[in-house]
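Sharing a structure, written as structure tokens. Questions coming.
Labels run A, B, C and D following the written order; every chain starts at residue 1.
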Amino acid sequence: MSWSRDEMARRAAAELRDGFYVNLGIGIPTLVSNFIPSGITVQLQSENGMLGMGPFPFEGEEDPDLINAGKQTITELPTTSYFDSAQSFGMIRGGHIDVSILGAMQVAENGDLANWMIPGRMVKGMGGAMDLVAGVKRVIVLMEHSARNEPKLLRRCTLPLTGKGVVDTVITDLGVFTIDRGGMTLTERAPNVALEEIRQKTEASFAVRSGLA
Amino acid sequence: MNKVYPDAHAALAGLLRDGMTIMSGGFGLCGIPEILVAAIRDSGVTGLTMISNNAGIDGAGLGLLLESRQIRKMVSSYVGENQLFADLYLKGELEIEFNPQGTLAERIRAGGAGIPAFFTKTGVGTSVAEGKEIREFDTESYVMERGLVADLAVIHAWKADREGNLVYRKTARNFNPVMATAGRVTVAEVEHLVEPGAIDPDHIHTPGIFVDRIIHATPLEKRIEQRTVRKRGN
Amino acid sequence: MNKVYPDAHAALAGLLRDGMTIMSGGFGLCGIPEILVAAIRDSGVTGLTMISNNAGIDGAGLGLLLESRQIRKMVSSYVGENQLFADLYLKGELEIEFNPQGTLAERIRAGGAGIPAFFTKTGVGTSVAEGKEIREFDTESYVMERGLVADLAVIHAWKADREGNLVYRKTARNFNPVMATAGRVTVAEVEHLVEPGAIDPDHIHTPGIFVDRIIHATPLEKRIEQRTVRKRGN
Amino acid sequence: MSWSRDEMARRAAAELRDGFYVNLGIGIPTLVSNFIPSGITVQLQSENGMLGMGPFPFEGEEDPDLINAGKQTITELPTTSYFDSAQSFGMIRGGHIDVSILGAMQVAENGDLANWMIPGRMVKGMGGAMDLVAGVKRVIVLMEHSARNEPKLLRRCTLPLTGKGVVDTVITDLGVFTIDRGGMTLTERAPNVALEEIRQKTEASFAVRSGLA
């Protein structure tokens, strides 16, 4: 049975380690903060200028000066610090963030990532996504395995790229893949998801970790 | 040397001309110089190039200047779901240059710091790098990006003293401090105006040297774009 | 995740090795990590490349590491009247790379921010630009300078919380914040250690992400290099 | 009669305007702060990270955390702000400082400046001088007209340069010179200093402002 969105988020959260600084993209990645394993502490970065992002405010306590990169009202924590956009992206570009977890439209077997535009549609802009995938130490893509029965794990991305060779790990509803110089490897299957189903729904070529088949 | 002006109209007097380039602080609607943007709208100046992370929404922020067709070109990282923006763009009445958000911030910081160009990993291998110099340093490829300056920067701060020393509040800081450094003239609207000495000099985010004119701007609308809350007792 | 170590020796454990590159904060003797420098001296590690605006004086600051012959190379902007420094240099026992002070600061800031190279006007037409790429932007000539990173940065701050958020005091700030970003590992000695939440998050100069290890360092000598005073009643 | 050091400093101070941000080098330039014309306010920058530099402290009130770029103990003013070295030189390099007043060993008629090293002598380093002369809007050199009867205003500098074509104004004990694309021009003589004396003590070729001869 494939993973639900919450289960995908929980699986991504299992990649976090105590003391990590983490940037979460919008969509399913946002859910990851609900599943931080007990006993570890991570600090969430919001690229608009904040480390130590807290939960949504209680009703009536929203502060227009305190939002996350998705423009949602949030709160601060005792560990919080604020900084300007140049320092925020200095942090990102300089490799100080441990993990970026973000969504994607397409990921290629060489680690290419496309998640910012579809030619012919109105472009909204890449925001901080290109900086995050280029700068953060480890990039984890968290996405549905396919969209309207079209595979999203491809040999080559067909959409304009957000980053070239930047993805380290892909977590979908069907399983977990790692990508390195040697290519893409399936390292984990969602419970009761057959390898055959994954092969059918994946255009990218991938190895299978020994013992997993 | 008096930097404090009675209102936005007075503070912008003599600074606006058609076809100029203006940086405008803020992220979404957070920390935007809303009073100054409204005054730019009222001035009727046109053909503007606006450098701003976002383009506002219908009826707020730079949305005001889109509605009035005063903007010719936007330099932004994300313009989101602005229907008017989409319409103007598709009709060819608006030009857009997308920059990765960190590249935009760094270009502005570089412009203010006298750095005409720098190299970054961001965007290598993407359309952002097309037509730009690519160079390898230590076996990794980087793209050269140029510093940005503007004829005018309009910014928002939480507190200022009369010398122009500024303090920002929480995530309303965002692009405001770097833009303060990169405007040939910088005008700040501030929520609280105090005398020199009232702000601890170790708490100042933007030294007064970067601020030419100040207005005490209240009341402000300070709209919230995405009001998200949790229930008490959760 | 505990970042607080009982003393300088413990905080540097496992980080030191011969031939490494260390950034050391401070300007003159102001804001230098004096306890950490003394601990590096005590460790006996040698062949160091030290990136520091100055080289200390006899008996203080990096003067300690010069006396013990642990430094192979200095990257600095000004080494002043250090007699021992002069002797070692003339005997060929010490290498020196002079950087203009602003270029040094910017190279460190660039290194910490993932920028491998940038262009600056500083030093064009001087010996500093020799062997480096010169390029024209908008009819002005600029020299390309490289970002700097170090294996270790040792810095001094006035106050820290246990998360590593730092606040500096007055001109003791200087090179400390940029070096905090450019060390593969950054160790801070701080005069006051408080719990998270005790520092207003808008007053934090260095976010904790840049700080790996912290020691609470008192008492400090905090020597004054040039004691200049005026008479009361002036 | 040539100008004294105080008179030179007073003459340099007359170049300042209300609201200027000014960086003063060590030596005679330091004296300029004693002669700020009444009715104007300027903010002094210290490149180690301070704007709004105050006078020396009263005895017993020295603060080791508060020094100027000459490493001297100083005080703060109500207008003071502190910042780090990167921001300080961003301010300088970005052209935000109105005037830099500094000393020199040699100035050439094309605006070249040498003030940081003498080959064969132990080099102390250029500190912030190269950044200041390259970045500040206007560079005023304040120096003795000659050193041990050797001219310091030259056709070409013989010492290693601090900056190329960077000097706008030179104030010496004998007079005031401006330098632009057209070359060097004597614009003012110290009282009772003969033009002939200035010519004798100046290797650089210079024009004389009409009416001054």
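Going forward, a residue touches a chain if its C-beta (ideal position, glycine included) is under 8 Å from a C-beta of that chain, and two chains touch if they have at least 3 such contacts.
The model shown is predicted, which means the values in this text are computed figures rather than measured ones.
A.B. asks: So what's the Cα centroid distance for chain A and chain B, whole Å?
C.D. replies: 28
A.B. asks: On a C-alpha centroid basis, what's the spacing between chain A and chain D, in Å?
C.D. replies: One centre to the other, that is 54 Å.
A.B. asks: Just how far, in Å, is the C-alpha centre of chain C from the one of chain A?
C.D. replies: 35
A.B. asks: Hey, what residues on chain D touch two or more of the other chains?
C.D. replies: If we look for residues of chain D contacting two or more partner chains, we find 76, 82-83, 86, 89-90, 92-93, 135.
A.B. asks: Any chance you could list the residues of chain C touching two or more other chains?
C.D. replies: 106, 109, 113-115, 120-121, 168-170, 173, 201-202
A.B. asks: So with touch defined the way it is at the top, what topology do the chains form here? Options are line, ring, star, complete, other.
C.D. replies: Contact map by chain: other.
A.B. asks: Judged by the touch rule stated earlier, which pairs of chains are there in contact?
C.D. replies: Touch list across chains, by label: A-B, A-C, B-C, B-D, C-D.
A.B. asks: Within the complex, which stretch of chain C touches chain D?
C.D. replies: Residues 27-31, 53, 76-81, 86, 89-90, 96, 98, 100-106, 108-109, 120-128, 158, 168-178, 205, 222-232 of chain C touch chain D in their complex.
A.B. asks: Provide the residue numbers of chain A that touch chain C in the complex, in ascending order.
C.D. replies: 18-19, 21, 41, 43, 45, 51-52, 76-83, 86-87, 89-97, 135
A.B. asks: State the interface residues of chain B toward chain C in the complex, per the touch definition above.
C.D. replies: Per the touch definition, chain B meets chain C at residues 106, 110, 113-121, 135, 137-138, 140, 142, 146, 167-170, 173, 201-203.
A.B. asks: Within the complex, which stretch of chain C touches chain A?
C.D. replies: 1, 109, 111-115, 161, 163, 165, 181, 195-197, 201-202, 204, 207-210
A.B. asks: Which residues of chain A touch chain B in their complex?
C.D. replies: By the definition above, chain A touches chain B via 46-50, 55-74, 76, 82-86, 88-90, 92-93, 112, 122-131, 134-135, 160-165.
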